[in-house]
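Right after this note come the structures.
Shared between the two complexes below is chain A, which pairs with chain B and chain C, respectively.
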Partner chain A sequence: MQTTASPKRTSSGSGRFLREYGWAYLFILAPVLLFLVFTLYPVASAFVMSFQQYQVMGSTWIGLDNYKHMIGDDVFWKSIRNTVIFTIATVPVNILITFVLAYLIFQMKNKAQTFFKATLYLPAVASGVTISVVWLAIFDPTDSGLLNRFLGLLGIDPVIWLGQSGTALFSLILMNWLGSHGAGIILYLASMGGVPKSLYEAADIDHASGWTKFARITWPLLKPTTLYLLVTGIITSFQVFISVYLMTQGGPNFATTTIAYLIYQTAFQFYEFGLASAQSFVLALLIVIVSVLQFKAFSSDVEY
Partner chain B sequence: MARVEFRNVRKEFQDHSKESFTAVAGSDFVINDKEFVVFVGPSGCGKTTSLRMIAGLEHQTSGDILIGDRVVNNLHPKDRDIAMVFQDYALYPHMTIRDNLSFGLKNLKKPKAYIDQKVKEAAAILDMEPMLGRKPRELSGGQRQRVALGRAIVRDPQVFLFDEPLSNLDAKLRVQMRVELSELHKRLGATIVYVTHDQVEAMTLGERIVVMNRGIIQQIANPTELYAKPRNMFVAGFIGSPPMNFIDASIEGGRVVVEGGSFELPAAKLDALSPYAGRKLILGIRPEDIHGEDYAPGLETSPHRMNTHIQVVEHLGSENLLYFHIGGRLVTAKVHPETKAYPGLEKPFIFDMRKAHFFDPDSEQRIEI
Partner chain C sequence: MKRKGLLLSMALLMGVTTACGGGGGSTASKPDDKDTVTVWTYPVYGEYETELKDRVAKFQSEHPNITVQTEMLSWAEGPQKFDVALNAGNPPDLYFHSVDGTYVNTKLALDLTPYMTDEIKNDYLPGTLELGQIQGVQYGLPLYQFQWGWGGNKRILDAAGIDWKKIQSEGWTWSEFKQAAAKLTGKTADGAPQYALVTDGSSLDFIEMLSRNNGMPDVLDDSGKFQWNDARILDTMSFIKGLLDEGYMPKETAALDPTKRTDMFYAGQAAIISKAIPYYDVMLATRNKDIDAGTVKGEKIDFVYLPVPHNDNEPAKTTTGGEGYVAFKQKNDKGEQHAKNTFMVMEYLSNAEAGSASNQLALPFVRKSQAEAYAGKELGSETTLAAAKKMAANAELPVTLKLDAALAAKQKQFKEQVVKPNMQALYSGEKTPEQIADDFKSKGSQSFGQ
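Showing the complex of A and B:
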């Protein structure tokens, strides 16, 4: 059978397509343009910049020199080490704290649930600066510091929390542990509410103990939420900046310099924008690799 | 296997405003060993609450529940030796079918060889060997239903409890699963307590049926008795599809008088109805006991005729449903498809008064005649 396409029909077909979908593409165009101008273009130009000695009036191409300099820089490796220690120390503990709090809140009645959800979410609303100011008062190295005063009651001498290499990074970690878990709690509570009650009833009939129900039903069914919190938690802690900037400025002796803070210093204190771009790309690459590995290791296709 | 007994069991719930609501009002019954008993009734009638009290998932406000010879009032669900199939199947979504089946036995710390044997047996009975390695979401509704059954079977419980297990299946699959459940009952020789709101399911599956309404047991009987001798208007209206017609009537001069006609009654029936002479009562007659005059095998000479105007005709293929009004009430007749009928046609209908029921309009109880 032969078919011949009529040119008239084709043109009216594309006209109809435009009439039907033209507006949709126009609406999509706005966010796409914003993304191109304010995200993709800066990322691409930063990538180019990482191979340049950046100057406002004409940069010079220096190939891989920025990357070579970075690899040979002890401070860079120290910042990686600090960032990794910070991430390993904070993310699992934070997830555990979040989970335990959510589990406790989940058992409560409606009004108590609302109270604790709101209270624990408050720090997420407060700015990082405010929280850092509070923690500066807690870590105050003199006798009047809240933490030192508490230790004094136990007969322990005051500690210069943020001023010595041995305790500075730990202090930032402690502050992170006791920081905001509100968003994670809300996510966990939503997931816990989504587990059908009949599963627990079936487990009751199936002779499951309280621990078995937790380990074999609750925890596996909350795995997607845990994975999400793990991935976003690691990304956030790889980029930790505000607390370092406001409380220690990376010191003492680079003991709290993280990659994000190093990038800031390189760019805005030493004006080495090319080197800072190279460091940024290494950070981005690290985050991508770690995220992919996590998804491979923990991803689950649990059906609710 | 074992019997299940309720002794004056009552269950009250409290709502948010602390007002109490009676879900089950003093139930008394015995379910015999190896018996298949179906609880049926509309939503909120207390049937599921009764089942959940047997399971131990709800605790009764008062009364005693016995499984076998044991009073199980304060026993945890796991100690009652029961297995339950839930309405939503309650399969563990992250476990394979094999793990779903063996979960209970593993918790009981049974030896691995025993567990494997039990899982294999259940899989063979329910024809689900090929799906043991799959997860629930990879199965169809019918297959999930089988897994839920299998999870109950592997445990060899004293009593099986089914909570509307077929309500999520399509009509065709429901019929198929009904047959399979009946066969399974014969094969396992188990005591089964089954809850449904579907009276067809109840009639086809139950050896005895418990009809409930508003927390009160209306009647406990086998399907034939329930159909032929409903205790009250609720049971009469609930069992049978389409439901029984109720027509306002009175007894006058030895005849049953309804609006637009009257029927003569045999002397024996009249005797029983004599206390109602001159009073109102309700005539109950099933749609299948009203025939068109032109197709009423065996009733051609019946004197119980009445002319009415047909309002609506529904053609169902094997039968037709005709609708007309008597005394302000819509009446349905289920007639042979060869019966001549179209909307607006006035024709005589024959009422099979041998199968008619009479109800007291105040107590709504059936008058025994």
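Showing the complex of A and C:
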């Protein structure tokens, strides 16, 4: 039997260690350096900046003033509210739609599976900008708008989708529901393919119904994928920006101002980089809290 | 050997990664030293990119030690790119824009006073050099003086019997506009609604132009006094609400973006568009030619440049400003000689030949030498040029040229965070003019302490 012993770090041994494993550390060094330069350093700088009034030629330390200003700002709370509504409305529904589509595709033959996988993955390849422009045409507020024409066929009056507080956020949610399922479907299909057929055969012998097989076999074994989609979905929706920036610019009357858009506005329209950094850290903190809670709530019975 | 290879690779990797953080740029200490001046600009008009290249090549042949690096930005992405560069302390030496208090606030805007010779100053026509100043300090050299009016579709105006020539020469009041709007509202030939006026729900220029024509130069006046807190702003809001209620403007205004606004004007669904510059004359003439050639589909439009109507008891005002090159230094200052070289390039790009910008855009010239160079070559129809000249007589300069940078920044924030959402609420019928006026008053009091 062969065993691998770690090389001893004696003076002659360290040379040998470097010769044998140096390349591995070199390869690790590249991403570590990139992480340090492009992630850790900017994050640390932004954290310091959140306690400063940022000025290019010399910032001023102002303690917690940015955080205090943020807490007292109505628009900040509106943006949190909108972000939470957007997240709650999109993530669970998206997972459900993704799951149903994957489940339907899984029943198909190979060629049909490939066709639907490719078709549904297309929006993931298209840029968010392109998709937003298409949806702007769909939500065109005049009678000639695509969605309004469709409503017209049903005898419903045109709706000013993006121009009214009551419908603007819903319009962005609707766009999200109908757009981004490709990656999730691929993940679910891979997981479904990994469920042992023997479990279904055993269930068939026990005369289990279709629902029982789904509830007792399929769903529990897909939980790791569901948890992954839930966590990444929430992180993504907390950072929703492109559609807001391109379609509503946070309006009307802040109805679609999300926290990510507010951070952009604070930094690049008002040049308040310190305040924007403080807002960013609150967003990061929110994401961490929600992610930890999700892992605590859903991961107890997940086996990897 | 293996170890040497490993060390070499590590050194290379370190070199590559650390190179990313290095600051470039050249410095010059004597007039003949080699130097590079960076210029970020926009496609100001159709031929500008080509003309700029020629002008830069000519400059470089006259000053072989100075390299001019130009970058043509897109109107959509350019401002963000510049803002990031500026706030990182590394703006280009020259940037095409209006002067802005926020630039001055960064302490990176270059004070041009030491380089402005009397010859240069005297070449600028009265009132134009000020367009490149903030609180009397010269930071930019205007290339042209823009002016915003409204744009009319001649066919629709004529069909409704609107005497637009009289409006161009004498202006019009809000009451007169409402009478005209009633005649201009109806149906197009294919049965679609035709509105008297179209604006968009996200821009602020509409309310800015109308309030300017109701005695308010801006949210603040040039002494910093809050203006939008009395009956004048309520009147302005009520005027707009009236236009919406009467159906003179689309009920979908809140959701219209600037592109849709233009599309509706082009499609003949709106007789008047709420923001136009004299250049529309040249632009629409080109579009008409393209329609004739079959490369563009649509109805040909003859452009009528119109002043913005004013409240019956207030004087007419034309929204104007200047755009041109603004000079910057960097956080790691490149020295006095570099600043001198930057100004030399700036002056070259704003000289008599550069009057092509005003000429192409059918705008009044800013320099005597430009007016002389392009005398008799003016583009744009006579009527539009005459209307523009008439409107220039009522020019209202931006208050931001006089305000201190901090107050100008507060005004900008007030417009984005208070005015814009309230305008959208007015367009969508979610707030009344009275509620909006109250909101302006209370939020203005918080923002400006008045």
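Throughout what follows, the second predicted complex is superposed on the first by the 290 of 304 C-alpha atoms of A that agree within 3 Å, B and C clash if a C-alpha of one lies under 4 Å from a C-alpha of the other, contacts with A are read in each partner's own complex, and residues count from 1 in each chain.
Note that a residue touches a chain if its C-beta (ideal position, glycine included) is under 8 Å from a C-beta of that chain, and two chains touch if they have at least 3 such contacts.
Quick caveat, the model's predicted, so the values are computed rather than measured.
A.B. asks: On the superposed three-chain arrangement, identify whether chain B or chain C touches more chain A residues.
C.D. replies: C
A.B. asks: After superposition on the shared chain, which partner residues are touched by A:Ser198: those of chain B (first), chain C (second), both, or neither?
C.D. replies: first
A.B. asks: A:Ala112 contacts which: chain B (first), chain C (second), both, neither?
C.D. replies: After superposition on chain A, A:Ala112 lies in contact with neither partner.
A.B. asks: Looking at the overlay, what does A:Val133 touch: chain B (first), chain C (second), both, or neither?
C.D. replies: A:Val133 contacts neither chain B nor chain C.
A.B. asks: By the touch definition at the top of the document, which applies to A:Val93: first (chain B), second (chain C), both, or neither?
C.D. replies: A:Val93 contacts neither chain B nor chain C.
A.B. asks: Contacts for A:His207 in the overlay, against chain B (first) and chain C (second): which applies, first, second, both or neither?
C.D. replies: In the superposition, A:His207 contacts chain B only.
A.B. asks: Okay, in this complex, where on chain A does chain C touch?
C.D. replies: 15, 18-19, 22-23, 26, 29-30, 33-34, 37, 54-57, 75, 136, 139-144, 158, 160-165, 249, 251-254, 265, 268-271, 273
A.B. asks: Using the touch definition from the top, list the residues of chain C that touch chain A in their complex.
C.D. replies: 2-3, 6, 9-10, 13-14, 17, 20-21, 80, 83-84, 86-89, 102, 105-108, 192, 201-202, 250-257, 260, 331, 409, 412-413, 416-417, 420-422, 424-425, 427-428, 430-431
A.B. asks: Using the touch rule from the top, collect the residues of chain B that touch chain A in their complex.
C.D. replies: Residue list for chain B touching chain A: 55-57, 76-78, 82-84, 86-88, 90, 92-94, 103-104, 107-108, 135-137, 151, 155.
A.B. asks: Please give the residue numbers of chain A that touch chain B in the complex, ascending.
C.D. replies: Listed in rising order, the residues are 196, 198-199, 201-209, 212, 216-217, 220-221, 223, 300, 302-304.
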